[in-house]
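Please go over the structures that come below.
There are two complexes below, and they share chain A, which is joined by chain B in the first and by chain C in the second.
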Partner chain A sequence: MNFYDYLSFVYGAVSTIGVSFIAIIVGIPLGLGLALLRWAKVPLLGKCAYVYVSLVRSCPAVTLIMLIYFGLPQFEISLSPLVAAMISFSITATAFNCEIWRSALLSFDRSQYEAAQAFGMNRWIRFRYVLLPQVWRSSIPGLINEMTLLVKNSPAISVIGLLDITRAAQRIGARTYEPIPPLLVGFAIYIVIVMLLIKLQKHLEVRIRSAQEPL
Partner chain B sequence: MNASVQHESKTHQAVLRVQGISKSFGDNHVLKDISFDMQKGEVVSLLGPSGCGKSTLLRCINWLEIPDAGHIRLNSERMGYAVNGTKVGDAQLSKMRSKIGMVFQHFALWPHMTVLENVMASPLHVQKRNRKEVEQEARAVLKRVGLEDKINMLPSRLSGGQKQRVGIARALAMKPDILLFDEPTSALDPMLVGEVLEVMRDLAAEGSTMVIVTHEMKFARQVSSRIIFMDSGHIIENRSPEEFFDNPQTDKAKTFLHSVQYK
Partner chain C sequence: MNLSDFQIIYDERDSVITGIQTTLSLVLVSGLASVLFGLILTPLFFSKVGWVRGSIEWLCSAMRCSPFLLFVYVIYFGLPSYGINFDKYTSGLVAMIVYHSAYMAIIFRSAWVDIPAEILEAGTAYGFRGATLIRRIIGPLLLMRAIPMVGNQWIQIVKDSAYLGIISVFDITAAFNSIQSIYFNPFVCFIVAGLLYWVFCLLIELIVNLVARYARERIA
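Up next, the complex of A and B:
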């Protein structure tokens, strides 16, 4: 492998991380929003959230990204491959994160939410000080897990011509006729990314625990 | 004449007026045209067999359950409605609720907050008062319920009796006009009931206005200025504790007192 091969790994890693990062940033709050719509049984919108999640969950990453990239130009919306990838991954992350948030909401004990109502907390204060801190805490493992899945689904972006880590490895292997070493390098990069995410999870969990046990 | 004048001046300063409250859950008519008044400093115990609607009535007072008919007036302000008669939204309703303190059967403390944070939460975030002042008062109120050494603990580390005392401190910290107690000792070990009742007894002696749903008959007799006895959604006795316990008028009340083995 030469200098340019390593450069294409860097390029691949940047697009993998970039697309996953955007999907995480978009998916976590939007997923929470959808989960709240379902949890609060908001008429119509709650049902829409349900339909959205069901549809997106049954669509493979590769299929969705092709639908976005090749489908939208039919409606006079043409996107660069990178934007199409970001949108498609955000759509998926939103749906899966919605389910993670929702399961945390379902296990949330409603009586203390009622206590918050009785103590004059309006909807925002109840959400900010009672609901979110607890639901966030129980969602962290699931959300981080979903992030690792996003990173590992990222080879799907190569179907619309983007260079991701696996695609970079494949290209190098095809040129050198030695497919294994570049694949191992790719694998190592995935390991590093996932390890960093797990570290983030540990960090968040420790921070929450220390905030809870001041003594 | 004299009596009616007295009555007049009394209703004038009623803290709480419950007027014709009805509530159904499906076909189940839980409350049927309930009315009563409470003056400042009065302690009313709501008694009755389980399922008679006591807890629902309590929850109607602070609009946790919305009654199908009737009015709740707190200091002549109508609960759940603006002056012009329209239903209020979440923000206005929350403001009204902040004048009513509530203590729950199963504590309903916020498990992610320490004892001190539980007590400070509403004064801080709802009443938006100064943090320093709120903390000082919260410490004082926790001292009053005997928990000054548990201030930084999470509720999960406390006994049931301690949890309920936090629940009471949390309600007191808002300086409410009225305190609602929904079976505050029913979920406690018999050994821990006393410490909670003692705190409530002090509150009653200090002139707090309280509505208590309870199964502790002796306690109800000692602290109450009035007993309201309910059966299947109706108030059937509303009298002084001595009259009620020594000389119940209705068969329902007699049967009830007999079944709880009150002597």
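Up next, the complex of A and C:
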């Protein structure tokens, strides 16, 4: 492998991490929004959220990304590959995060919410200081797990011509006729990314636990 | 998007049906095989021999870090350099089975760890040990606890099968991709493909619920 091969790994890593990162940033709040719609049993919207989650969760990343990138131009909406990848991964992340938030909301004790109401806290304060801290704490492992799933699904962006880590590895292998070494390098990069995410989880959990220590 | 786009899909139903058959056979075979291999691998996590335990843990964490497509490339492009040649379909199938067996083993291990120690102790006290202990005491509890997670993994198998289109296995996604490249009706094509995957996953959920209910009735 020469210098340009390593450079293509760097490009691949940047687009893998970039696309996953955008999806995480978009998916966490939107997923929470959808989960709240279902938790509060908002009449029509709650049902819509349910159908959305069920549909998107069963759609393979490859199919969804092709739908966005090849399908939308039929409606005169042409997206660059990078934007299409970001949109499609955000759609998936939203659906998965909705389920994670929802299971945390289901285990949340509603009587606390009512107690806060009895103390005259308004809707925002109840959400921000009573509901969110507890739900966030129990969602962290699920959310981090979902982030590693996103990273593992990111090779799907290669079907619309983007260079990600896996594609970079495969292209180098096709040129040098030695497919295994570049694939191992790619694998090592994925291991580093996943390890960093697990470290983030540990860090967040420790921070929350220390914030909760009784005074 | 108009009705004629759906008409085209109906006219091209032969390739759609081939795609469905390919995906279905991949999912069925690898779904069942990965549960079987997962069950075989799980006791190794609790082996008394250090290197057996170490290597199975290493193998499963490696699979957990690797994206499915990367593993497919290892099987499809990598193995031929060691003289092992599979065709597209077989290498896809082998990749699915090996990759998801590791995940199934992890699922069964976590279900195994969840089994209360008292039950195991009671089993040993009644004279069960070794294979009989696994078959009579651990096995049923393990399977029952693992059912929902196995269902999730099966849905993951359905979704991962779409990657095999990249090594030109003619699955559902590849079938619709070939139709849309001829007639330029991509939106409808991929929507229908997505709906087909949805039906697959709903069926899996249905089966999982039925099995879970059967298991609950048997145990109760």
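The definition used in the following text is that the second predicted complex is superposed on the first by the 213 of 215 C-alpha atoms of A that agree within 3 Å, B and C clash if a C-alpha of one lies under 4 Å from a C-alpha of the other, contacts with A are read in each partner's own complex, and residues count from 1 in each chain.
Basically, a residue touches a chain if its C-beta (ideal position, glycine included) is under 8 Å from a C-beta of that chain, and two chains touch if they have at least 3 such contacts.
Since we're looking at a predicted model, the values are computed, not measured.
Engineer: Using the superposition on chain A, decide if chain B and chain C clash or fit.
Structural biologist: fit
Engineer: Does chain B (first) or chain C (second) touch A:V130, or do both, or does neither?
Structural biologist: In the superposition, A:V130 contacts chain B only.
Engineer: How many degrees apart are chain B and chain C as seen from chain A, counting from C-alpha centres and rounding to the nearest 10?
Structural biologist: Apex at chain A; the opening toward chain B and chain C is 110 degrees.
Engineer: Between chain B and chain C, whom does A:G12 touch in the aligned arrangement: first, second, both, or neither?
Structural biologist: neither
Engineer: Between chain B and chain C, pick out the one touching the greater number of residues of chain A.
Structural biologist: C
Engineer: Answer with first, second, both or neither: which of chain B and chain C does A:G186 touch in the superposed model?
Structural biologist: It touches chain C, and chain B stays clear.
Engineer: Of the partners chain B and chain C, which touch A:L64 in the superposed model: first, second, both, neither?
Structural biologist: In the superposition, A:L64 contacts chain C only.
Engineer: Does the superposition put A:E178 against chain B (first), chain C (second), both, or neither?
Structural biologist: The second partner, chain C, only.
Engineer: Would you sort A:Q117 into first (chain B), second (chain C), both or neither based on which partner it touches?
Structural biologist: Touch status of A:Q117: first partner only.
Engineer: Scan A:G27 for contacts with chain B and chain C and give back first, second, both or neither.
Structural biologist: Touch status of A:G27: no partner.
Engineer: So after superposition, what is the minimum Cα distance from chain B to chain C, given in Å?
Structural biologist: Minimum over all C-alpha pairs: 24 Å.
Engineer: Per the definitions at the top, what is the overlap between the chain A residues touching chain B and those touching chain C?
Structural biologist: none
Engineer: Which stretch or stretches of chain A touch chain B in the complex?
Structural biologist: Contacts found on chain A: 109, 111-112, 114-123, 125, 128-130, 133-134, 137, 212-215.
Engineer: Using the touch definition from the top, list the residues of chain A that touch chain C in their complex.
Structural biologist: 54-55, 57-64, 66-67, 70-75, 148, 151-156, 158-159, 165-166, 169-170, 173-174, 178-180, 183, 186-187, 190-191, 194
Engineer: Give the list of chain C residues in touch with chain A in this complex.
Structural biologist: Residues 1, 62, 64-70, 73-74, 77-78, 81, 155, 158-163, 165-166, 172-173, 177, 180, 185-187, 189-191, 193-194, 197-198, 200-202 of chain C touch chain A in their complex.
Engineer: Help me check something: in the complex, which residues belonging to chain B touch chain A?
Structural biologist: The contact residues of chain B facing chain A are 62, 64, 90-91, 94-102, 104, 106, 108-112, 114, 121-122, 125-127, 152-154, 170-171, 174.
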